[in-house]
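So the structure is just underneath, and the comments pick up after that.
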Amino acid sequence: GKDDNKASTGDGANASKDVCQSATGTGPKVGLAFDVGGAGDRSFNDSAIVGMQKAADDLGATCISATPGSATESDEDRAERLRTLADQGYNPVIGIGFIYSVAMNTVAAEFPETNFAVIDGFDPDTKPNANVAYLGFAEQQGSYLVGVAAALKTKSKTVGFVGGTRGDLIKKFEAGYTAGVKSVDKNIKVLVTYLTEDPNDGATGFQNPSGGKVAAEGQLDKGADVIYHASGKSGNGVFEAVTAAGDGKFAIGVDSDQYLTASADEQPHILTSMLKRVDVATFNMIKSVADGSPLTSYTTYDLAQDGVGYATSGGFVDDISAQLDEAAAKIKSGEIKVPDKP
Amino acid sequence: MAQRPTNLARRAGLGLIAPALALVIAAALSSLLLVSTGDDVGGFWTTLTTKPENRNIVNILNYGLVLYLSGIAAAIGFRMNLFNIGVEGQYRIGAFVAAVVAGEAWLPGKANIVLAVLAAMVAAGLWAGIAGLLRVTRGVSEVISTIMLNAIAGLLVGYFVQKVGVSTGVSRSTKAIPEESWVGGIKLFDGVPTQLFGLALLAPVVGVVYYVVLNKTRFGFNLRASGASETAAVASGVDVKRMIIVSMVFSGVIAGLIGMPTLFGSAHNYGSSFQTGIGFAGIAVALLGRNHPIGIAFAALVFSFLQDRAGLLNILAGISPEIVAVTQGIIVLAVVIAYEIVRRYRANLERAHVAQQVEEVRA
Amino acid sequence: MSVVSSVTGPSVPPPTEEVDNRKRLAQYLLIGIGAFLLVSAARVITGAHDIDSAGALRGTIVAAVPIALAGLGGIWSERAGVVNIGLEGMLVLGALGAGYFGYNYGIVAGVLGGMLLGLLGAAVHALATVVFGVDHIVSGVAINIMAPGLAAYLAKSFFSDTPGGGPTQSPPLGKPPALTIDVIAEPAAELADKHWFVVSDLAAAVAAVTREMSVLTLLALVLVVATSWVLWRTAFGLRLRSVGEAPSAAESLGVNVYLYKVIGVVVSGVLAGFGGAYLATVSSSGYQNGMVNGLGYIGLAAMIFGNWRPGLMLAGAALFGYTRTLQLRGGTDSLHALLLVIAVALLAYAVYQFLQGKRTSALITGGFGGVFGVWFLVTDSVPAEFTGMAPYVATLFVLAFFSQSLRPPKADGQIYRKGSAG
Amino acid sequence: MAAGVDAGKATESVRVVGITKRFPGVVANHDVSFAVTAGTIHAIVGENGAGKSTLMKILYGVQKPDEGQIEVNGKPVTLSTPADAIAQGIGMVFQHFQLADNLTVTENIVLGAEKLHGIGAAARAEILRISQAYGFGLDPDELVESLGVGERQRVEILKVLYRGARIIILDEPTAVLVPQEVDALFANLRELKAQGNTLLFISHKLDEVRAVADAITVIRRGTTVDTVTPASVTSRQLAELMVGSELPSPSTEESTVTDRVLLQLRDIEVLDAAGRPELSGIDLTLHAGEVLGIAGVEGNGQTELVEAIIGMRKASRGTVTLGAEDITTWSTGRRRELGIGVIPEDRHRHGLLLDSPLWENRILGHQTRPPSVRGPWIDRSGARADAARIIAEYDVRTPGIDTSARALSGGNQQKFIVGREMSGDPQLLIAAHPTRGVDVGAQAAIWDHIRAARRDGLAVLLISADLDELIGLSDSIKVILRGRFVGDFDPHTVTPEQLGSAMTGAGSD
């Protein structure tokens, strides 16, 4: 259905009122372990909090959130965080970000009674973990859709992609986006820039607005008029550059509906956002525990399950929603197989 | 002469007063900050003062020993008046190379470990050697070169992980080390999930070697002499250029070991969740420990302890854990200031003593 | 007496400072012009027009300014004899200050606030190093540990619940005023797009500085010039430098050593704070945790690169900013074109060395020049994976080839105690 | 007797009464009282560590006295910083020059006195004027780092004159000067005196003190012993006033020179960074049991000569042979192993690890030889034992071998270095200014040790600015000028004046 893909969420405004302070239910006690930065990123992490909020409202869930103090953490530190949460009787314990995969693999074995989940996670070894759910997303599918949007909106036949760190995760975004663009017009040029090659250097990749700005300016100067970013907060720089470039130049947000959190003068330039429904994944995990049938092993949230999608806020894509939904339908039906590697 | 024993007694006392004083200052300032932002001071202190659980003790030891290696690596440079900021890059090069070598498992079982560790030492040593070479041949300040080499190391490793790495879901890492080449942990407590990294025992060994080489050998003397007074060293026949390169390389060789305990003890591959920043922490640890093998050990434990508690702070006390970085910084400053005050006082004692002797001899 | 002095006096009186400076200036000018022609030629030959496009140059300026401000801070502090590794931390504090004051009291207050927090960081450094005589590096490192933690901690209490902001980032800040002179910028831009030899390059440069030129950028440039004037042309500067060269001599002439050291450190903090504010307002649109990410160290490197002098320091910062910008602008082809520039430059330098009679070094330089030349010829772009290293490798190469005889202030990093004159 | 003190107040430009200065544990000055008549040259003498420099530093406001008053021109004053002293018209030339190498002569002079003539052309002109008035011949724009010792001292004096000081203190100004320079200096002093200035100066060289001073105050162990007029005392009596001991004078016993050639330099050339020769055509032959003295104005290649012999500088031409070995290409380390002992010119930079204990300093320069090392290992006990031996044999005044070198007075530091370089039986001893700034007692001891070494068949290369020392100790003397040897002299016949003129190129050869 059409509306599923358009449902907008990840409204950062919610991030501010901390659900873990307010919630007072009798439902599941949820332990949320974030990566550096944590709640309030108006994106990925806050999307999880939105899901948590829903669980608090619908299931009476309560929660505690734990965040690292420094970016220089080891898997031991992460494991200890998860342990402490499990130890305190939180269940489920959800790691927000694949960075928790290794730690989760260690700790899950220690607490067989607790249910764990890792967003974007994976099992680093060959021993399957009975009590861990790996909640992945078909980012390439969502990216494909915004790629189609970009292709339909570009006048200069040149679009751009700005990635944080060059790693398999972000490559999925690039691959889907490029495929989407090419599906509309093979001749549209896709400029690709990554802010760093060092996958362990999140700061340069995802907390680097000035870098994102320069990268976007470079692509704009090369004629790009739509730029999709998968670079966390570096995206702020992309928005800034695109806004400065003036009318007819657009940026595409990522993870949550970034139109809603953009400043007033940036909003006219935010074409859409690739929605990664971390909130859905989070809520489902909590619900599954509440229902006594906890999720385990791999679940991929794709278009079909409303796990990814695109945002319509601002109404810039209303005129092309037909094409977008058609593409979405084809993907769901499997008619289109979206590549997840460039 | 008469007051000499009292002097000694006072010196001994001073040695203990300094750190205590420092910790008090640090505590006071951190509390002040917490109060000023309306955070739960009580919670902060209960978290920091309650005895860590056994598994936390193990974690603290693990990280502390790793930090110790890093601290020694930095200290070698410092003793030679070389400001080697490059431990971070050398550590990552070493860890990556070891991970690849061990992952390829050209040799069976334990031999594989030895080969990988040696590879790490060599790779990191050579990487550090670049800075030394640039310094002696081209007069490039090691401060610049190591800063640049850190960045290059990160990018190189990142690139090669993408190239040779295997995909694990959404990220890449080097091939996993075969199980027979893992280094089992050492069980400190029963019923505790965490164990002491087997290779963490490298730390004390390195510490002893560091101490012996530096204080008991000709080489160590030359190194310290070059650090204390380059001119005097040259005049007395020390080949300072050689010493610069050698000490840079040694510093790197130790830096190469930093990643080993984790690599063989828990991670078993080099991936995107492999810890960064240990090299920089090592600089602080070395300075806090005044480049002395024992001092560095204390410093490493303090840092590791705070790091561990930081993880709990916002679960148990709802305090944002960044405060711990502030505490660490304050501790470093407070300690060196306290030590400086004591040092001056001691210098006076000694000078007084000298003069007193001089007077006696004259009289 | 005259006899004696004629003996002890060196047979060839060394060139005076004046002449020295003028010669140096001329040299740099020549090198600059040469480089410019070279780049222009490379651009025309390779068609990699982004190598000195207005956008690239503008990006370079914006990238270089924070580095240069940190480096300038370093010069003030180390000329007064206090090593300042803490610049990194002071940048962070500056960025936070800009975020807090900028959001609450407007952009001007923001910049001033950045300077203020930088100053506070420096005050700690001054207290530790000058008053307590603590090892300068220890104090600096401590500040670099503290500052990011403090910033992140305070950011949480400053910016949570702010519209458009969050626990890890300030709300978007207003932009400081920027100058655009369309009457010049427009035609210049057009001319630049013609891609003519030299002309278009000049035009691009003009266009770069006439559009969206932030007043903060201009202020930064003014500060660089002002610094070299104050430190090398005024009595105050003489005293400050003397404190870094020979504190006990200074004290024996009635100069208040501590005072000037403190001033040097404090000014360096203010400059670094300004750099942080620039990051948060011009380079990007607000404060954000982790946004400084090592720039302070790069600034330190720029200072050493510049041999503790503002002019060369600026060159170092520019070199870094330029290569970093090319990379971020996806400059696989621009960097490829740069290979040609490097190759020719090295070969030219090799010839120069040869004429100087330095056969072996000429051979080595020439060898490298050849390598780069071949690399340029056999490839048609630098793999994107490697472009990230450009800034760092470039810096190392420049230092390695034009290896300087560094001349840090003589008492740099030494701890001075009152009353040890004589 | 007590010339200064009795003179009428009106004509006194400086009077100190009951000055006491205690340093942690040391009484540097104890109840020091004396007065300086305006327009006179007043000398202060006393052994190392007697408290002369401290007293002067107090007069110049560098250090505050614990007790006592200071009167300048009849008015009581408190001098808590040099600025105060300068304001009172006091200027001081320190024992260890206070100059910034990396600044120009002008910058060094105007520093702190920028108010007077700014820092630009006006100041430069004023400096030139003074420089010419006193025949200093200084180039205002030159970097101090490129100046020789004599010039540096003239810069120091110019600093004082530039500020219009009327009371001028000079702490051991002649220690580093050759006779001609000393004469020139004294000429300047007399001229300054003639213009009504008051001068206070310190020296260990009692003859010159008597030659120039109007009054002499003797300090022993921090207190004023007496103030006398030169006419009323002999140098010998002065020395006895100072130390209660006789004034020693260097003198060789019968020659012990053998015909065994030990050190041989052939046509040595050393170039500086810019490729200009610092040494050229140096030929030298040194026999076992011979003391070869090198005379020369500082900065004419003595330092380079030493560095070329011990391998710190690579000779661009020529050969160095020690005994049978051609050591031209050897490293410093190997050369010293072969048995070269060095008493360096700058003990603080080249001779000691100031912050290391004495026993570790014993190892310095002997890292490859017992008793301080065994194979690759440091022989701690060996080194400690031998350090203790040195302290005993060479009368180094220190509480023990664990004391840091910095805490010793320069004289004692020097004695320790001499002892160290004598051990490990060297064949060649290079002694550069072995007794500079060392008091008469210590001087005598060091001279004895050099003679002893000579008797034991060592070859000694003696470099000194103290011509009496050279003449007294050497078997033959070479004069070095602008990096070349310009004359050989027989110490038994040559006079300091002859040497001096050869050193300054004014000589007939």
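We call the chains A, B, C and D, going by the order they appear; numbering starts again at 1 in every chain.
Following the convention adopted for this analysis, a residue touches a chain if its C-beta (ideal position, glycine included) is under 8 Å from a C-beta of that chain, and two chains touch if they have at least 3 such contacts.
On a predicted model such as this, the values are computed, not experimentally measured, just so you know.
Of the two chain pairs examined here, A-B and B-D, it is A-B that is joined by more C-beta pairs in contact.
Distance from the chain A centre to the chain B centre is 37 Å, each centre being the mean of its Cα atoms.
If each chain is reduced to the centroid of its CA atoms, chain C and chain D end up 44 Å from each other.
Our note on geometry: chain B versus chain C, Cα centroid distance of 30 Å, whole angstroms.
Within chain A, residues 69-71, 166, 196-198 each touch two or more of the remaining chains.
Shared interface positions of chain B, i.e. residues touching 2 or more other chains, are given as 155, 159, 162, 320, 322-325.
In chain C, the positions touching at least two other chains are 149, 167, 385, 388.
All chain pairs that count as touching, in label order, are A-B, A-C, B-C, B-D, C-D. Within the complex, the chain B residues that touch chain A are 55-56, 59, 62-63, 92, 154-155, 157-159, 161-162, 167-173, 176, 193-194, 262, 266-267, 269, 271-278, 280-281, 307-308, 310-316, 320-325.
Residues 215-222, 224-225, 228-229, 231-232, 234-239, 348-359, 361-362 of chain B are the ones that touch chain D when the two sit in their complex. Across the complex, chain A meets chain B through its residues 64-81, 83-85, 88, 98-99, 101-103, 106-107, 110, 120-125, 134, 136, 165-169, 172, 196-201.
Those residues of chain C whose C-beta lies close enough to touch chain D in the complex are 1-14, 16-18, 234-235, 238-239, 241-242, 245-246, 248-255, 407, 409-410, 419, 421-422. Remark: chain D residues 23-27, 49, 221, 310, 312, 331-337, 342, 344, 349-356, 360, 363-368, 373, 376-378, 380, 397-399, 403-404, 407-409 touch chain B in the complex.
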